[in-house]
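Before we start, here is the structure in question, set down as C-alpha cells.
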C-alpha cells in the first residue's frame, strides 16, 4: 500500500528514466525494436485521444495522416536528401494543414456519419497513392536508404537506438501537449463538446473550430510518427500504410487504456503492442490473428468500454482519496447512471 | 481523359444504373438497420462476402444457380443476423457511440475466420450465362448484371411491400420514428430490432450472391465493399432509404463513367471524393434531415 | 434592442412560428407568455440560432442575427437558459461556470492564467447565488432548483447583454423562485435586459414590465402585465377550448 503514496510525478520520472536507460540496458535488437513500436503505438493512441478522447469524435481516418507523413518524409529523403529525423517534424506540419482542411469538411457531420467520412479519407489517400505512380511509385511502394547519418550507415547492432530516442522524444512531446490541452480552457471546451455539443455552442464555444483544431493537432503527432516509421522500415506501400486496421488499432489501444484520460492510451499501448506482437508471432501471418484482434476489440467494447485506467483510478481513489494527473472534466463513461436521475 | 462518344456514354450510363441497383440493394439493408437500431453495421461488408462465399460453395458443390441459391442463403443469413442481434448487439451499452467499433470488431473477426477457412484465393461464380450478353438497340447488357439488377429490384420491391403493407413493416416504421412511442403502443421493440437486423443481413445474402457473379472476391474484399456502402448511406443521408437508393444509383453511374473517361484504377475513388464534395455543401447528405437541436 | 420581424418557422407541416413580430426594449424585463405549443421555445431557438428561420428577420442592436451559429450569437451578447435545464452534468459546478466563452482569442484558449482569472469571477458569481459551497460537486448531484440556478449563473459568465430565460420557475419551489426573481431584478438594475418565458402568472405580473402573448405561433397581444391580463383575446387563447367545448 505504500506504493500508492508515491506521488504521480515520481511514477512519471521513474518511467522516463527507465525508458532513457532502456536501450543501454537491453541490448537485444528484438526488444529494442519492440520498444520503439510500443512507444510509437503510444504516440498514435495519445494523439488520436486528443480528438477521439477529449471531444468524443471517433476518427478511423488517422491512418491517412500516418501514411501521408510516411510518404512525405520518404519522398523528401529520396528527392532532396532531407534526413527524416529532421524533416519529419516539419513535414508533419504540412500533414496538419491537410488535416485542418479535411477536418473542416468532415467535422460538419456527427456520430456515425463522421466515422464513415474518416474511413473514406483513408481510402482516398490509398487510391491516390496507388495511382500517382510517377510520384509515389504506386503499388511497389517507396524505399529509403538504410538508416544512418551524414553518409555513414548505422550498424545493425546500434541501428534501433537512435530511433528509440527520437520516438521517446516524440512520445514526451505528445503527452506534454495532451496534458497542456487538458489544463487549458480549450481542453475544457473539447470536453464540453463531448458532453453536450448543443449546450457548448449556446455558451459560446464554436464547436466546429474547436473540433477542427483538435483534429489538426491530433494529426500532427501521428504524421511525425509516420515519417519516422517509414525510415525505420525503409519501405512503405499504399496497401500497407493506408489501412483502416492501423486506425482501429490506435482506437482500440486508446479505449483499452482509457479513452479521454492522459495516460490511458500510453498504458494501452504498453499492453497491446507486446500482446499483438506475440499474437502475430504465434499465429503467423494467417488471417487468424485478425479474428483474435477482432475478438479482443469486441471484448473491450462490450465489457470494458471505459478502459482500464478509469476503472483503476476509481479503485485507487477509493483507497487514497487522491487526484490523478489533473482532472479534465469528468472521465468519460464514468458513472453513466445518475445523469438522468439528477434531472428530475 | 477520353471523351466518350454518345453511344459509349449511354452504354456506360446503363451499366452504371445496373451496378447502382446492386449497390442499392446492399445499402438498403444497412439503412434499415440504422433507422431502427441507430447502429452502423460496419460488418455488413463481411456478411456480404459471407453470402458470396455461401453462394460460391453451393454453386461449386452442387451446381446450384446463384439466383436460385438465394432460397437457401437468405434464410440462413437472416437467422445468423437475428442471433447476432439478439445475443451480441443487445449487450452494447451505448449504441450510438459504440456500435461502429463493435460491428467493426465483428467484421474483422468474420474476415479473419473466413480468411482462415477459405484462404485468400480470389473466387467468382461463373454460371453458364456468365459471359452472355443481351443486345438491346445496339447496347450491350451483360446478362449477369441484368440478372443482378432484376434481383435487386425484386428484393427492394419485396422490402417495400413488407415495410408498407404488412404489420411487421408498420411496426418497423414506428420503431424507426420513435422507439419509445412504438413501445407504448404495444410494439415489441426488441423483437422488431432482431427481425430488422435479420432482414438487413438477409439482404446482404442477396447482395453477396449477386456480387459473386459480377466481381471476384476473397475475405479481405469486405473492406472495399463496406467502405463503398457506408459512403453511399452517408451520401444519401443516414437513415433515408430513398436517399440511399439515389446515392447508390448516382455513385454507380459515376463509378462507371470514371472508369471510361479516366481510368478503371481511379474509379473507386469517386465514391469518396463525391461524398466529401457533397458534405461541403450538404453535411446531412442528399436526402438527410438536418438534425438540429431540440431545446 | 432585439427586434423580431415577421418570423416564420415550420416543422414538417406544422407552423410553430407564424409571422411573429415583437420587440424587446433595452433594459427591460419582458415576458413572453402563451398557452402550450404557442411557439415560445421555438422563438427562443430561432433567436439563439438553434434553427434558421424560414422567413423573416431577427435583429440585435440593429444587426441581423438570424441564421448565425449559436456560439456567434452568444458572443454578440445573448445568453439563454433551457426549458429542460441543460448543464454539463458530469462536470463540477465550478467547471460548468468556466466553460462559457466570453470572447474569442488564442490567449483565452491556451493560457492557463485565464482559467485562474475566470475562476475568481466564477466564484464571485457562485457566492452571489449561494452555490459556492458546491463548487467541486458534480452538477448532477445538485438539487433541481440549484441546477437551474447554476445554469443561470453559468450563462452570466459569458457576460450577455440580453438574457433569455426559458421557464425559470418551472418545477421550482417558491423560495427558489423568490431567489431567482430578486437575482433577475438586481441584474436588471445593473443594466441587463431579460426576455422571460413563463407559465407562472404571478411571477410574470410581479417581474415583467412588458408582456408579449403568443398563440399558435402568432402574437395576439402585448402591453403591460395588467392590460394583458384583462385582454379578452388573451383570455380566449388560454381558456378558449373550454368555452367552445360547451359546458
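In this document, chain identifiers A, B and C correspond to the written order of the chains, with residue numbering beginning at 1 in each.
Just so it is clear, contacts are C-beta pairs under 8 Å (C-beta built on N, C-alpha and C of every residue); 3 or more make two chains touch, one makes a residue touch a chain.
Quick caveat: nothing in here was measured; it's all calculated off a predicted structure.
Relative to the whole-protein C-alpha centroid, the nearest chain centroid is that of A.
Chain centres here are means of the Cα atoms, and by that rule the chain farthest away from chain C is B. Separating the CA-averaged centres of chain A and chain C is a span of 42 Å.
Note on chain placement: the centre of chain B and the centre of chain C lie 46 Å apart, centres being C-alpha means. Taking the mean of the C-alpha atoms as each chain's centre, chain A and chain B sit 32 Å apart.
Annotation for chain B: residues 293, 295 touch two or more other chains.
Residue positions 50, 82, 84, 86 of chain C are each in touch with at least two other chains.
Residues of chain A found to touch two or more other chains are 198. Remark: chain A residues 180, 183-186, 188-189, 191-192, 195-196, 198-208, 329-330, 334-335, 338-339, 341-344 touch chain C in the complex.
On the side of chain A, the complex with chain B involves touching residues 56, 58, 60, 102, 105-106, 108-113, 115-117, 119-121, 123-124, 127-128, 130-131, 198, 244-245, 248, 251-252, 255, 286-295, 297-298, 301-302, 305, 333, 336. By the touch criterion given at the top, residues 48-50, 69-72, 74-75, 79-80, 82, 84-91, 95, 98-102, 104, 108-112, 114-115, 118, 138-142, 144, 147, 154-155, 157-158 of chain C touch chain A in their complex. Those residues of chain B whose C-beta lies close enough to touch chain A in the complex are 34, 40, 88, 91-94, 96-102, 104-116, 120, 219, 223, 227, 230-231, 233-234, 238, 263, 265-266, 268-269, 271-273, 275-276, 279-280, 283, 285, 291, 293, 295.
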